[in-house]
Amino acid sequence: MPEPAPLLSVAGITKSFGGLAALTEVSLEVRRGEIFGLIGPNGAGKTTLFNVLTGLYQPDRGDFIFDGERLVGLKPHHVAAYGIARTFQNIRLFGNMSALENVMVGRHVRTRSGVFGAILRTAATRSEEAAIVRRAYELLDYVGIVQHAGGLARHLSYGDQRRLEIARALATEPLLLALDEPAAGMNATETNELKRLLEKIRGDGVTLLLIEHDVKLVMGLCDRVAVLDYGKKIAEGAPAAVRRDPAVIEAYLGGSLA
Amino acid sequence: MDIFLQQLINGLVLGSIYALVALGYTMVYGILGLINFAHGDIVMVGALVTLTVTQALAGSGLPAPVILLIAACAAIAVCILLGISMERVAYRPLRRAPRLAPLITAIGISMLLQYSAALIWGKQYMPMPELIKTDHYAVAGAQFTGLQAFIFLLACAVMAGLLWFIKTSRIGQAMRATEQNPDVAGLMGIDTNRIISFTFLLGSALGALAGVMVVLYYGLGHYFMGFMLGMKAFTAAVLGGIGNVPGAMLGGMLLGLIESLASGYIGDLTGGVLGSNYRDIFAFLVLILVLVLRPSGLMGQRVSDRA
Amino acid sequence: MNPVATRRALSPRQRWLAYLVIAALLLALPFAVDALLGRAWVRIIDVALLFILLALGLNIVVGYAGLLDLGYIAFFAVGAYSYALLASPQFGIHGSFLLLLPLGALVAGVFGIVLGAPTLRLRGDYLAIVTLGFGEIIRIFLNNLNRPVNITNGPQGITLIDPLQFGGIALNQSYSVGGLTIAPVHGYYFVFLACALLAIIISLRLEDSRIGRAWVAIREDEVAASAMGINTRNIKLLAFAMGATFGGISGGLFASFQGFISPESFTLLDSIMVLCMVVLGGMGNVGGVVLGAILLTALPEALRYVGQLQQAWFGAVYIDPSDLRMLLFGLALVLMMLFRPAGLWPSSTRRREFAIEDEAGDEERANA
């Protein structure tokens, strides 16, 4: 039986900034329904790869195919429409909007109403708006912060902001959810809750790509991982195999992974 | 040919004034990332102070250079005081605020300066007493005055001095460090507040000097003169690459030339459809074109928004 | 304290009653003011309504989308000249306002897109300066397009502009209806009031819509907004176009109301004054912007009184009231940014009439 096509296949992505290579010939594949971890020391190019995948940066060379479509060169909003949603390392919420509205913004790409619908409050607009609100509440409930729906995003606690970012990303109905260090700054309890949430999301059919420093979380959660070092991929495979890889141990100065 | 040379000379003189004002924009932008909208009005205050002092001393029997020197010193002192207090009161508290906030206060300060000037000096044009007789020199069919030569040479000397100062002095080095990264500069023991104050001091002093030159050159001053002059100087700074000191000098000169040549030739070029009454448009066109096509200017860093 | 609570306390019937009372007050207002304070004040109210319309347009650009437009008055000018040129002896054309106002709005909207497009890549402060440049360029053209072909009549401006006309009723005439004199200022009051109310409703509806949320999202974080699938370029252009449309309509109304326009009315200071209204009232909050427009229109009148006081006390006017006004504008901008950057009436978390959110909101406030 042929293996099903991967959801995302990245081929030979190279990106440099002013002569400094941030990514060199990076290739990897993310399969449908898995949790894929992207790890590596600081400055290894993980976030740069995220930015390339989500259309924020244009790569110098290379290609990536997502769900059968070449997405290289597209603007971020197109990429979102194709089904890649992301969160940011340094949380980027719409601070002066309520939590609910943040998630409602996430519905933008899946809804249609324009200016005239809004001004005339047509039946179609009203029902779409009601559906947006309903879905936004569902998602807030899903990530467990529905009690803060009316509060300003910037007033939420750090952990809740991370959850809100995930809810907002889920609102775009992604096939692939890309999370940039979702557990950063969380304590052990919060990390555990996050892990359960991510497993629940995967269980609902969303593929996850995550950058993470918390090795325990990565090892316990990811089906497969890729390791970046100085912009190059040095290993890819099951977590248990990767952690024994000499190149990986070398990259982490021989200690922390073993 | 002689029209061309004539406009070239006029353009260089105009450009040297623009360059002095542009330095004030560019230095503040380099360090704070702020467009000091009120800088043009500092120049206006410098110009009007110069006028007041010369008018007061014109009948005193003092020799003209002495009167001018006193007037220039007074203008510089007043402008420095204004510049530093402006930064202290209106910009410093907003250093960590969203970008629009300091820009809006800058607009407010600009209006405050303009209409305070209108209250103090009135709204009519103020004439400059004739202190120096204009002597004309001819070069290849074009002519220039001693005053033009004086303005141009003085501006060049001051700018050369500024470059040398920034490059070699301790405080100049601290300015450059703060420009690179204020937080790190702070950690390295540089008192960034002092450096920022000093930047405003320097910019205001140069602006005051430009104000002196403007009233000498045009023989007039007016409470609203800072707006157009400021816009043009800002354009010059953007043209050269905002934040870049030599760029501002280059941009000023270039803008002076563009404006002078364009308004000299626009009538011929358009068959008389557009006249020199459109001269103020050139600065805006240059500004828009540069920002749209090459926001980094000729010598500067990128300014458009990036991820 | 909590507007949600007060709103919930009203039954639908009470709410209708409240609307009726407000409507009656608004209908009676110009006649009451006329009788109590004089006709000049009715005119001031008319101007205030016009400024509400204008400021609400700028609020879409600055308040919602966070794009600082310093040349906004240009769209007002475009609307005013569109109307004036096609409804005056200038070209001998006398079009109907029913045609010309939408046309002016359209032309202004197109200008909004054309002038907005090149600025989209620019960071906030550069955008401000470029829009300022566009504003000045338009003014310089209006000032000089009297040669070689006389289009705008240059600095003299355009006179004898047609008033608004409904059937046989021209609004620059006085009419007597059942003993009640309806002067031009009264007639225009009702037209302007209708437009201002419409603008308020449109603003509120846009704010609470998919497009309005996209604007605010861009204002809050453009990168995140685009990552969420918002086409930032189009949505920003839409803000420019909508804002310009409001400006264009108010420009046409202004031209018909004054009967005379010249480039003098469309300077940078006018752009800044409208900006003041938005900033002072509260960027992004319709109520605040309306308040700002009313306050700043009324201010010069209060200052005129200061002029009279000077005359009475000192026998001369030392401080020209109009200069004092600009001085106060400047001071207001600085003080607002320093001490109350969100405006006099800031937009609070927008409230949605869903019980669950209200409870959450109350809890939030209780915890705060």
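First chain written, first letter: the chains are A, B and C, and each begins at residue 1.
Definition applied: contacts are C-beta pairs under 8 Å (C-beta built on N, C-alpha and C of every residue); 3 or more make two chains touch, one makes a residue touch a chain.
Keep in mind it's a predicted model, so treat the numbers as computed, not measured.
Peer 1: Which one of the chains is closest to the middle, using the mean of its C-alpha atoms?
Peer 2: C
Peer 1: Would you mind checking which chain's C-alpha centre is most distant from the centre of chain B?
Peer 2: A
Peer 1: Would you mind pulling out the distance in Å between where the CA atoms of chain B average out and where those of chain C do?
Peer 2: 34
Peer 1: Can you give the whole-Å distance between the Cα centres of chain A and chain C?
Peer 2: So the centroids are 42 Å from each other.
Peer 1: Return the distance between the CA-based centres of chain A and chain B, expressed in whole Å.
Peer 2: That pair's centroid distance is 49 Å.
Peer 1: Give the residues of chain C touching no fewer than two other chains, as numbers and ranges.
Peer 2: Residues 223 of chain C each touch two or more of the other chains.
Peer 1: Which chain B residues reach two or more other chains?
Peer 2: In chain B, 307 touch at least two other chains.
Peer 1: List, in ascending order, every residue of chain A touching at least 2 other chains.
Peer 2: Within chain A, residues 56 contact more than one other chain.
Peer 1: Considering the complex alone, what residue numbers of chain B touch chain C?
Peer 2: 34-35, 89-90, 93-94, 97, 99-105, 107-116, 118-119, 123, 227, 231, 234, 238, 272-275, 277-278, 280-281, 284-285, 287-288, 291-292, 295, 303-305, 307
Peer 1: Report the residues of chain A in contact with chain C in the complex, numbered from low to high.
Peer 2: 54-56, 75-77, 80-81, 85-86, 88, 92-98, 100-101, 104-111, 113-115, 117-119, 121, 125, 128-129, 132-133, 137, 146-152, 155, 168-169, 171-172
Peer 1: Spell out the part of chain C that touches chain B in their complex, as residue ranges.
Peer 2: It is residues 66, 68, 70, 118-119, 121-126, 128-130, 132-134, 136-137, 140, 143-144, 147-148, 222-223, 268-269, 272, 275, 279, 319-320, 323-324, 326-327, 329-334, 336-338, 341 of chain C that touch chain B.
Peer 1: Hey, which residues of chain C end up touching chain A in the complex?
Peer 2: Of all residues in chain C, those touching chain A are 202, 205-206, 209-214, 216-217, 220-221, 223-232, 238, 242, 349-352, 354, 356-358, 360-361, 363-364, 368.
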